[in-house]
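When the chains are written out, they are named A, B, C and D in that same order, and each has its own residue count from 1.
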Amino acid sequence: MNGAGLQLLQFLLVLLLAPGLTGLVRKTKARLTGRRGPGLLQPYRDLIRLLRKEAVIAENASWLFRFAPYLTFTALWLAAALIPTFAQRLPLSPIADLIALVALIGLGRFAMALAGLDIGTAFGGIGSSREVMVAALAEPAMLLVIFTLALLLGTTSLPDIAGYLATTNVGLRVSLGLGLVALVIVAIAENARVPVDNPATHLELTMIHEAMILEYSGRHLAMMEAASMVKLLLFVSLIACLFAPWGMALGEPTAASAAIGIAVYIGKLILAGLVLALFETSIAKMRVFRVGEFLATALLLGLLAVVFLFVSKGL
Amino acid sequence: MGVAVARGRAGHLFIYPISFLASAAIALTAGASLLHPPIDAPSAILPIGLPWLEAHFRIDALSAYFLVVVNILAAIVAIFAVGYGRHEEEPHRVLPIYPVFVAGMNLVLLSDDAFSFLVAWEFMSLSSWLLVLATQREPGTSQAAAAYVYLVMAAIGGIALLLAFGVLAGVAGDYSFAAIRTASRGQAATAAAILLTLLGAGSKAGLVPLHAWLPLAHPAAPSHVSALMSGAMTKVALYAILRVLFDLTVGAPGEPSGGAGWWPGLILIFLGGLSAVMGALYALLESDLKKLLAYSTVENVGIVALGLGLALVFRASGLAGLATLALGAALLHAFNHALLKGLLFCGAGAVIEATGERDIERLGGLIRRLPATSACFLIGAAGLSALPPLNGFVSEWLTFQAILGGTQLSLWELKFAVVVAGAVLALAAALAAAVFLRAFGIGFLGRPRSAAAAVAIEGAPSMRVALCLFAALCFLLGAVPLLVLRLADPVSQRLFAQPLALSAGSTWLWLVPFSTGVSSYSGVVLLAALVGLAFVVILAVHHFAGRRLRRGPAWDCGFPDPRPETQYSASSFAQPLRRVFGTSLFRVREHVDMAAPGEMAASRLLVVTRDLAWDWLYRPIAFAVDGLASRLNLLQFLTIRRYLSLMFMALALLLIVVAVLQ
Amino acid sequence: MQDLNPVYFVLGSPLLAAAVLALIPGRWQIQASRLNALAALATLGAGCSLFAIRPRPTNFIFIDDFNIYLVVLTAFVGFTTSVFSASYIRHELETGRLDGAKLRFYHAMYQAFLFTMLLALVANNLGVMWVAVEGATLTTALMISLYRTREAIEAAWKYFILCGVGIALALFGTILMYLAAQPVMGSGLEAMAWASIIGHVGAFDPAILNLAFVFLLVGYGTKVGLAPLHAWLPDAHAEGPTPISAVLSGLLLNVALYAVLRFKMLLAGNSGALAPGPLMITMGLSSLLLASFMLYRRRDIKRLFAYSSIEHMGIITFAFGLGGPLANFAGLLHMTMHSLAKSGIFFAVGHIAQVKDTQKIADIRGLTTGHPALGWGFLIAVVAIAGLPPFGIFMSEFLVATSTIAHQPWLALPLVIGLLVSFGALILRLQGMAFGAPSPQPHKPVSASLVPLWAHLSLVLLAGLHLPAALVQWFQSVARILG
Amino acid sequence: MGNLPYDVAHLLGTSVLVLSFGLLFQRRILGVLNIFGVQAGFLAAAAAWQAHIQHAPHLYITAAIALVFKAIVIPLALRRIVFRLRIHRTVETVLGVGPTMIAGVGLVGLSVILVLPLTHQSVALTRDDLALALSIVLLGLLMMITRRNAVTQVVGFMSLENGLILAAVGVAGMPLVVEMSVAFSVMVAFIIFGIFFFHIRDRFDTLDLQSLESFRGERS
């Protein structure tokens, strides 16, 4: 399995599994609330349906409105492709370490927020303004988690972190625990999951993510939906890679170890989907203005993680 | 260097091309002298200045680097100004002074002794003061007040620097930098000199407690001048900090623990971090486009100061490798900020020339009216929000890498301070993204909120050429940061007698601060990957889903309302963040007076934000001076008898003193 | 006639001119003003000839490094002011504020005033120096009340009383100095000649010297306008005709300070006497701080620049009080620069007051747009006096500040506060006057001869960039003996 | 009989001092003028006596000038001005008599303390003369501070000048030219005072400085 093939496999794997993960989450949420819910493959069917539909855009939409979906999707797809999922060493991963990854996600969000503002409707404004607030607090929290790992392990490149955590027994560390909780909170906020935003409804009081892509239709909407699905997968594989890297094909992957890697990775996805669905059904949505404090706790946890790093290890 | 001060009646077509050629020439010579440095840096001696100490002018690596930064910016701004100058109402007020301003900045960088340094420094402030006053309408308006506050702050900064050089020159009074470097002086004197320099240069750069004049003065100047003031003059101020803290007070170059230890670094880190966050937050609450950019200058100067502080701390604790990395990051960010801020201010200038409006609340929908300017402004905004393919991200990434190197510091407090600085920098970067997203989104997208915005037309071709040149440079440096690092290498050689650790491992493709294992970044591959992938996706989608497109009224959940007022405005966009940060930091007060039910009166929202520095630092001083002046004023209105008794008492006092001393 | 002493020409021409001008009747005052300028030119010529022939000191007259450049400076500023006063007088005659008789008196007194100042500079005999300074007071006293307005008379009366008392105290000091010299050098002219006293001052009784210096410092200090004794200066400048303010501010303060420095040199020679430094530093700083704070409340443009003169005299006295070759050099340089720049400013102010027909700062706006040449000249002059770089005053303030922080760091704080506060006040007023929409001016633009103003500014700029070697050499030699 | 010259000089000096105290005390203008005349007379006598002791003929000229101008011409001129302005009846008290007297005595004490250390070389005569002269000068200054009327202020100034001339005379061997120029400048000063009186009179109709002070600079 030479390098290029590996990377291509990673790209395809990410693209195919993303809608599946979202479908799984929706299915389990429906089941938990006593409904049959749509099939696992429903998201695939939605995407294909949208792709075939005719795209209708507002008169005063600019070139930015038409180009933003592609930019968002590409940025997130590339970011997802850089995270080691089933194999540790990917040819493209040295081009961007963890900090660059966060920035790529930022690029995707930047494009989506601008698209929201382009048409000049109230809902686009609501979505972008709240998205910016969430980002302004989530990004520093994420960077603090990265500081914790980097200060602990001395590197910010993903393959090395995964390799190091998978091989050596780092032991139960308080700062890693805090980092995990902070990263989970950030993931929930970034992917507009329940406590921060409700992906299912179009209620203008609550929606953040949906408001931005309100004006899209047809293939552009498909791109945006695909982007958010890839983003969910990205965060899940990031958490898996940083905090549960076992079962990954280390060093030079052979066909067998790659297969095992993929199987373990899919298992992790399913587990994460179930946990997420369970979490979402057990908690109500927060008022938008309490999201600030929610994310401030994530920022605080990140900072505590760094502080404990010094205290416990006496570094 | 000495650009001819032509009383430009011939108008802008004559002055700006010449200044463009001059700046370009200087940039090239400086760049050349950096890449293959001459053996002994040429030292030009001019017979002007102090009688017994001619003015020394010398190009060494540090001044050459900043010469490149200032003059590339000045060259491109000159191209922009050719078009922008056309509509100037009183060209004769701006034209002759513009080249003098650029010459002043170059002179500051070139001077090699305290006296000519200060002459050039005050010269720069004087010429920019005249430029700020150039396009003023009524003296009473804020323009005159802004210019006044600016000049007084410049004078305070100038005198602080003067005292710093006085302390450095010591009793002997030999002001040439060479003598200052070799002169030995006590720890207290070095400390005093460093503090005075931080006060003087810090106020000119706009570090937080002393920044209040910057958002008043920079927007008041014509746009191409404020581009120069924000882009280049703040860099000259940072050059002053670098020259004194890194070069003059260090004693023999390269000696690790020379100078004053790590506390100046800590102060710089603290000031830098504070400026970064406060700058971004102020910018968030500002709706005047040029003021917003001025506040973002405060933020970015804070980031560079943070980098310099890190370099000082690392060098004081003997980690030379990390020190060169932090210095490299700071220099790179200075270069990037100069280009990006130049681009944004010129963009703002184009917008103002097209619409005559400065407040983004009254702009909107410009992306359709001014496509080229909006595209370049978008690139600038993305750059300053530190988004990957562009150069803004590269320097911020390097600063983060330097911070992560903080673990090797010995002192516990330093380690903790460095990490807190990292957290502050992360918060500032995120807020900057919010600021520029708001500025571009409200200003350029959506529906035009005023008649002027609706009929805006693109400016002169030269303006667009300049903007595109800026954007191209940003992309180039984002992809291949090595170009600037090659320039920065001799600087770290000069200051730390160590090559830039960064450039050892990096090639034009990869950027490797420590080792590939630790962290690496490749601008080129990332850019190529993004563009390639996007191209593939578009092709696939268009092939699979077809290219059919239909235009229709905006959906807006079913009740389209064409009136632009329904759009989000700048203050409503910042409202969530204002609610999170504003109440505590700026004592934000929001009064909403709703019309009584049934009444048709429009309800008003009034947001009052107060600039803390102005309340706690500037206003008390002004009141104290005013109070003292009125109390002393009584002395003017005494009668002759009282004056005589005054004289009598003075005589009696002196006589008593003499009698006592006898 | 080999040793034809040029000093006799320097003194003779103004005296002769004064006599001739007194005789010219009121009708031909325009020609009289031209004659006045010619006479001043002759004095300047004689002064310059001093560079060539350095006469031998006699009992009454002597030229040394210290007073040679002051003599030429006085003659030069006297000449440029007379050129300015020619155009000023022409405008005053047109508007009828002054008539022939008053002008006749004015021209005669102007030349007499120049004579007394030149005499004071070259006087070797301390008594003659006192009489010359007293003469200067007498000649200017009546000129201040030339306009006969109530304020002018009050200002002149105040000027005469305060300076009269000051000068009387100075006389007492001179007598004490003679008393100290008499036992050592015997009585007669020898004991009054400064050139010979400087040699024997070591043997004088320090107690008398201290007492004498106190009286002299308070006496001549009144004429220098130092803080507690400055009351006469603002009103004298504001109410008198502008050429007089220019000459008063530019030259008379220098002459008085020259006298104080002569006596400081004597004290420096005697080890027993108390150091004059601290006294001059306290008076210098107090006048700097008082004047800089008073600038904010001034509503009259001439009074504003009068206080600026007090402030600059404070800086100069502080520099000489600080002592040391660097500070003394700065003081001497500042003295020259201040007199050039300040008289230049008064030329501009004179024409501004005439054009706008008011001296109220509030009514003067938009000079750079209304009268570009006058406005920009005024702006550059104020920028020079405020101490911004390319001009000479920045160099002297640079030297004073750096030597202060090097020798006595804690003195630097009040100095810097004074400099900054005055800078802020000057720029605030300048900005109000120079920019904005021009305020209405009743008179048609006067044919302002701005040549003197630009001459002064170019000299200050030249000094800022490159001081001629000869001047530097004189300053340094004087700085050494000043101690 | 100690040495006679010292005693007589000392007597004349102290009488001039006592008279300047009298000037401080006297409230009526005419009284002030008379006392000033007598003081000038004593000054002339002291000068003449010094000339006699020091065998310096030129001092006689100074004595003569002092006598002619100071004792006779100036008081008469002032008297004529006072009568023409019809202010001869004005009575003016600015600072209470008591405090002025105390201040006067204090000043004399101060000047004696100052002069005492100059003991050893100088001749005793000059030392006493100097103390007297210094106190007369200070008293003259004090008088100018406490008086409101322009004429009395001028008289205060003139008595201050008397103190100076007493000092100049007391010092042995003061060159003649200095004497002459001092006397000459005092005369010119007095002429200018006269001119000022007429200016003030025709603009303010009174010599009382109170009205003058309301026109200080920038008051309007």
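One rule holds in what follows: contacts are C-beta pairs under 8 Å (C-beta built on N, C-alpha and C of every residue); 3 or more make two chains touch, one makes a residue touch a chain.
In this text, all values refer to a predicted model and were calculated from it rather than measured experimentally.
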item	value
Chain occupying the most central position, where position means C-alpha average	B
Relative to chain B, chain with the most remote C-alpha centre	D
Mean-CA-position distance for chain C and chain B (Å)	45
Rounded Å distance between chain C and chain D, as computed from the means of their C-alpha atoms	31
Averaged-CA centre spacing for the pair chain C and chain A, given as whole angstrom	79
Approximate Å spacing (C-alpha centroids) for the pair chain A, chain D	101
Touching two or more other chains - residues of chain C	157, 161, 165, 169, 207, 211, 234
For chain B, residues contacting two or more additional chains	636, 640, 644, 651, 655, 658, 662
Chain A, residues touching no fewer than two other chains	none
Pairwise chain contacts, counting only pairs that touch as defined	A-B, B-C, B-D, C-D
Touching residues on chain D, where the partner in the complex is chain C	114, 117-118, 120-122, 126, 130, 133-134, 137, 141, 144, 150, 153, 157, 160-161, 163-164, 167-168, 171-175, 177-178, 181-182, 184-185, 188-189, 192-193, 195-196, 199-200, 203-204, 212-213, 215-218
Chain B - residues contacting chain C, complex	47-52, 114-115, 118-123, 126, 133, 136, 138-140, 144, 147-148, 151-152, 155-156, 159, 162-163, 165-167, 169-171, 173, 175, 192, 625-626, 628-630, 632-633, 635-636, 638, 640, 643-644, 646-647, 649-651, 654-655, 658, 661-662
Sites on chain A touched by chain B in the complex	51-52, 54-64, 66, 70-71, 73-75, 77-78, 92, 94-97, 99-100, 103-104, 106-107, 110, 113-114, 117-126, 128-130, 132-133, 135-140, 143-144, 147, 150-151, 154-157, 160, 202, 204, 214-215, 217-219, 222-223, 288-289, 292, 296, 299, 302-303, 306-307, 310, 315
Complex interface listing, chain B residues touching chain A	364-365, 367-368, 371, 378, 382, 385-389, 393, 397, 400-401, 403-404, 406-407, 412, 415-416, 419-420, 422-423, 426-427, 429-431, 433-434, 437-438, 440-442, 445-447, 510, 516-522, 525-526, 529-530, 533-534, 537-538, 541, 544-545, 548-557, 560, 564, 566-568, 572-577, 579-580
Of chain C, residues touching chain B in the complex	157-158, 161-162, 165-166, 169, 207, 210-211, 214-215, 217-218, 222, 228-229, 231-232, 234, 274, 279, 290, 293-297, 326, 365-366, 383, 388-390, 394-395, 398-399, 401-407, 409, 412, 416, 419-421, 423-424, 427-428, 431-432, 435-437, 465-467, 469, 472
